[in-house]
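Note that chain A is present in both complexes that follow, paired respectively with chain B and with chain C.
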Partner chain A sequence: MYVYDAFDRTFLQERVAEFRDQVARRLSGELNEEEFKPLRLMNGVYLQLHAYMLRVCIPYGTLNATQLRALARVARRYDRDYGHFTTRQNIQFNWIKLAELPDAMADLAEVGIHGIQTSGNCIRNTTTDAFAGAARDEIEDPRLYAEIIRQWSTLHPEFTYLPRKFKIAISAARHDRAATRVHDVGLRLHRRDGETGFEVMVGGGLGRTPYIGKTIRDFLPKEDLLSYLEAIVRTYNLGGRRDNIYKARIKIQVHELGAEAFAEKVEAEWRQIKDGALKLDQAALDTIADRFLTPDFEALPDDPAELATALANPAFARWHANSVVPHKVGGHAIVTLSLKPVGGPPGDCTADQMDTIADLAERYGYGEVRVAHEQNLVLPHVRQKDLPAVWRALDAIGVATPNVGLVTDIISCPGLDYCSLANTRSIPIAQKLTQRFADDARIADIGRLHVNISGCINACGHHHIGHIGILGVEKKDEEFFQISLGGKGNSKARLGELIGPAIPESEIVDAVERLVDTYLELRASPAETFIAAVERLGIEPFKERAYAPR
Partner chain B sequence: MPLVKSGAVAADPFTAVADGAPLPDGPVIISADRLLAEQGTLAARNGEIGVAWPNGRDVAELQPLLGRLSLVALAFPKFRDGRAYSQARLLRERYGFKGELRATGNVLRDQLLMMARAGFDGFEVEKAADAAAFAQALESYSLFYQPTGDGRRTVAAARRAAEG
Partner chain C sequence: MTSPLQRKLKISGPTAITANRLADGVVVWLTSGGAWSMAIAEAAIATTGEEVQRLLTLAHGDENTAVGAYAARVEVTAEGRAAPANLRERIRVNGPTIAPAA
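And now, the complex of A and B:
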């Protein structure tokens, strides 16, 4: 992973000092709340329903064991012994006091982490594939480019007060595990004639007005990455709408101008700057690449005896089939740690769990941990012979539920339990669904099925791209939920289709179960996934059965 | 509203003149519309001319007139409205404007450094305390990740120098 040098560390210390001064001026009254708000947001500090929340940036979801332990310490010292991993590969602490925030940030800065640009109308944390650097199907490690984008976008003097927030996602694998088509800018690495380049998509996004991103360049040479991004963001900064917060994202500008006209503006701007200071020559790429520590992998034989023996245990075998995928290096594996236990809030992790996971990463995983946008953690580099020991340790702390990618691997926003924007609570729906589908054999039989829950139309739970999407709406002070079917976030991204009127909170779990039962009855074979069945049959047969007989 | 130039509170020699009002002697700031409409007569004027250029207008329109202008004022209607940052960089870095680039409107201490990086060198600061803290605000960082036209040292340049 990328290792901060003295320059990165100096910058971070200066940032902490600046925020300490801003907090002091807020506490003294020199800054009013309106003036302070964008400053605290740009440091990841939100005011929620009950307290300040600190959102800590985990650049492109990569952590080392020391950093994970620092997160555990912050959870213990300043919060209530846990943190919440988000769909943006970040972590949130929900109960921090304003006066203690600078200290928490100073503690994090010691290990090179911070809350910079996790909120505010600026370029946010660039997200990527949680399996980056380990996946068999990737062209090259996308984190090099994510880090280059991180540095370019950090306190960018021109792009810190954009019309609205700006999110970039990058994927370098055949399977898009970063949902690039639903970001303000999506980048997909391709290789053409031996050269690396990017497909550039703009104007994707969920929220109130969901759009799938449009490709405006199918192959951008890698040396032009930053100048092209600068051209896009400048076009947006100058021309994006500022009259209405709900129409201020770049997706609206792209939609209103049309993707072709938008692309022409970007290209015209880019031609003026493409050979300027942002050009990434090989030396510039090498400078960043040299600061990435790559594990010194030793290729080992696949399926060692230790693994074969352990597979005789059905519980281990079920977890192995569900949570472990092949690694690019022989004899290794990628392990996903489910943060979706039966009855638990999706994405929550206790300080003790973080410490144990950090220990395991050091002992068995080259010291690396990833945060997946599905709100799970990943040990990206585990030797196959160590899998039985890793499983026992993970199982002991409750992060080995074999439900990765299955119906109970629910993505959910924090909802009305924390968030001041939400209309409904979403975590309790997720908890009830995990209880209804608690049988490991049953969910394995149901197979791949993504359920996404958002507590309001801001869509932080990405319900538009859930195979089953659940959206909370408030009617006459009561919680209702709309269901959509058939959404997908991968390279064939598609928005789900609403099946009908909203359902009361008390009936939503039954309705989801009826949808699942309908699939089990109608699927062509167990090999046909839920999403494939919805695509083949359309939503009608599901719609008929979803609503309770009245 | 104190004007800060070269790190210190300075007297403002410019007078803002409304459209249609006669131009007094001495440096003036006029609107974009007036500048474009009266450019012929303005060319013959002796005194310095500045223009208040709106956020919604392309600064490329100004390019042919820049040689005649001593000052371009760009507005921050709210400090959260960042269009003037892009306009400033274009004027400095693309069109080579050498005169005063003045930030007006909701100009606050916590944005001064970014404004300076974008090319502003005159600041109509809203609060007197912010004007006093100007130098401190500009020194809160010693290193920057992005190359802009201000010439401040970037992290990339520092790395290259360190590598020899």
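And now, the complex of A and C:
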């Protein structure tokens, strides 16, 4: 965990006081809506279909138990006893009253969290691997660099009014668990000739015009991270389009200029600033690294007796095989908590669940919790001998469904049930799919399969990179859904391919089931995953079956 | 540039004016008396562009009570009351179609 200093705490308190005054002036009529709207958005406050929505930033998806309890308290005091974890490792509260927002923000500020820069055309929360600091395939903990980016980008005066929002993701492991190739800037820490540096990708993104990011630098020395980012964002800020909101993201600029020409502009800018104040010397890196509290891990043996005994229980064994992965420290494990129960809204977590998870984090997990971009939570550091007790406790509160990475671990945007931009609902489709595929043994047999659902073309549900992507479209006040196949968001990211005309809401679950059945029938062996089968066979055999019985 | 209020409104049927209450975001409907009601059944129903324009002007003039006012097509019940005419407005009137996390 990164520990904020007195400067951070004072800044947050002042920001809450400022917002409290702005709200009071709006409610009294001293500020009009046109004046107030940009102020509330800068604090993460949206007005949605039914109420104000507060988006709270969780820097690089890392929380301590105290912060998670504070989120529970906000959910209980000011909202309706739950929050919704998002694909950018944040949390959203859907029902907060404007007059109570300053109090909610004050409660959050007490534990060092806020909604600043979770909206608006600025640099948003830098996201990363939910397994950071724990993964065995990691080169370094990427959160150090995410924190450096946070400090650089927070209230950056030059980048407060960009053409559009700007999202950065960073990965430092062999497997990309942060979807870096579909971000405005993706950073991949890797090793070359004994040194570590970044592959820099730009212009990735989903939405109405999806692109996979283009690599403009294979290897950027770590010391140049901030100056190079500054050069990229400055190039975008100066040249990005402001005439058309739909063409204002950096991906359009990169596409229109070409990656090579864009890179030349960045390099030209960078040459002028690379040896300036943004250079990260080792002392600067050490200063920030020193403020990260690393757990004092016990040296423990792998596969302790307690674990071996528990594995005789088929339910525990199924959960263990699905939700637990090895930790970089012997005798420990990384545990993913599924927020995708059968019939539940993906990513929702109740205040009571949050409190219990915070307790478990303190008791069994060195006090740390992570938010995964797949809308699940993670206990990153659990002793293997404690896994049976952790499982029982998680199961008791409904977050131990053994479906992580499987067909029912669905990413879904809030859709038309909450969102003022949506065309169709998406959560009910996810709920019906989890009910259709409720059998644990069946979904384990189907294996790894990512289903992503968006309720409109803005693609907050990441449908473009779902193995099965579902996009809601409205036709004459009826909900229809387009299906795409073959998308993926990992290091070999690819956009899914549309299989044909949109399907009525009443038929979409059947269509998805037919796609899954087609895979089961055609897979070369149980070891061939759904995505591997689609890549081998192409979409045609799936397309034929999805639309078959008419 | 033409402001939204100056643009000629195309009305395709019975229309009401809706917005979100400033204090808490609750969905509200403009009544014929110029007040805001949480009940769509109390909404003023307009059938001409001129009437919708007049109500919208009234609504936009009261942004300290309700914000983001717009014209929404409505259905008219046998009792002559407004009712939501599409899924979006049904959800705004009735709330999410799903139960939240339990």
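Everything that follows uses one rule, which is that the second predicted complex is superposed on the first by the 549 of 550 C-alpha atoms of A that agree within 3 Å, B and C clash if a C-alpha of one lies under 4 Å from a C-alpha of the other, contacts with A are read in each partner's own complex, and residues count from 1 in each chain.
Following the convention adopted for this analysis, a contact is a pair of C-beta atoms (placed from the backbone, for glycine too) under 8 Å apart; a residue touches a chain by one contact, two chains touch by 3 or more.
Since the model is a prediction, treat every value here as computed from it, not as a measurement.
Engineer: Let's test your reading of the overlay: on chain A, do chain B and chain C clash or fit side by side?
Structural biologist: Result for chain B and chain C: fit.
Engineer: Quick check for you: in the superposed arrangement, does A:L49 touch first (chain B), second (chain C), both or neither?
Structural biologist: second
Engineer: After the superposition on A, what does A:A268 contact: first (chain B), second (chain C), both or neither?
Structural biologist: Touch partners of A:A268: none, neither chain B nor chain C.
Engineer: For A:L39, decide between first (touching chain B), second (touching chain C), both and neither.
Structural biologist: First partner only.
Engineer: Which partner chains sit in contact with A:L293 here, chain B, chain C, both or neither? Use first/second/both/neither.
Structural biologist: A:L293 sits against neither chain B nor chain C.
Engineer: Give the angle at the C-alpha centre of chain A formed by the C-alpha centres of chain B and chain C in the superposed arrangement, rounded to the nearest 10 degrees.
Structural biologist: One gets 70 degrees for this angle.
Engineer: Considering only touches as defined above, state whether A:G344 meets chain B (first), chain C (second), both or neither.
Structural biologist: A:G344: touches chain C, not chain B.
Engineer: Regarding the shared-chain residue A:A24, is it in contact with chain B (first), chain C (second), both, or neither?
Structural biologist: It touches nothing on chain B or chain C.
Engineer: Please state the minimum Cα-Cα separation between chain B and chain C in the superposed model, rounded to the nearest whole Å.
Structural biologist: Shortest inter-chain C-alpha distance (chain B to chain C): 14 Å.
Engineer: Give me the intersection of chain A's contacts with chain B and its contacts with chain C, in residue numbers.
Structural biologist: Shared contact residues on chain A (touching chain B in one complex, chain C in the other): none at all.
Engineer: In the complex, go through chain C and note every residue touching chain A.
Structural biologist: The touching residues are 20, 22-27, 63-64, 67-68, 85-88, 91-92, 95-98, 100-102.
Engineer: Under the touch definition given earlier, write down the residues of chain A that touch chain B in their complex.
Structural biologist: Of all residues in chain A, those touching chain B are 5, 7-8, 10-11, 14-15, 17-18, 21-22, 30, 35, 38-39, 121, 151-152, 154-162, 234, 237-238, 242, 272, 277-278, 283-284, 287.
Engineer: Would you pull the chain B residues touching chain A in the complex into a rising list?
Structural biologist: So the residues of chain B in touch with chain A come to 79-83, 85-87, 89, 94, 108, 110-111, 113-115, 117-118, 129, 140-148, 155-156, 158-160, 163.
Engineer: Sort out for me which residues of chain A touch chain C in the complex.
Structural biologist: Interface residues on the chain A side: 26-27, 29, 32-33, 47-52, 80-82, 97-99, 344-345, 348-350, 353, 398, 416-418, 424-425, 427-428, 431, 474, 477, 479.
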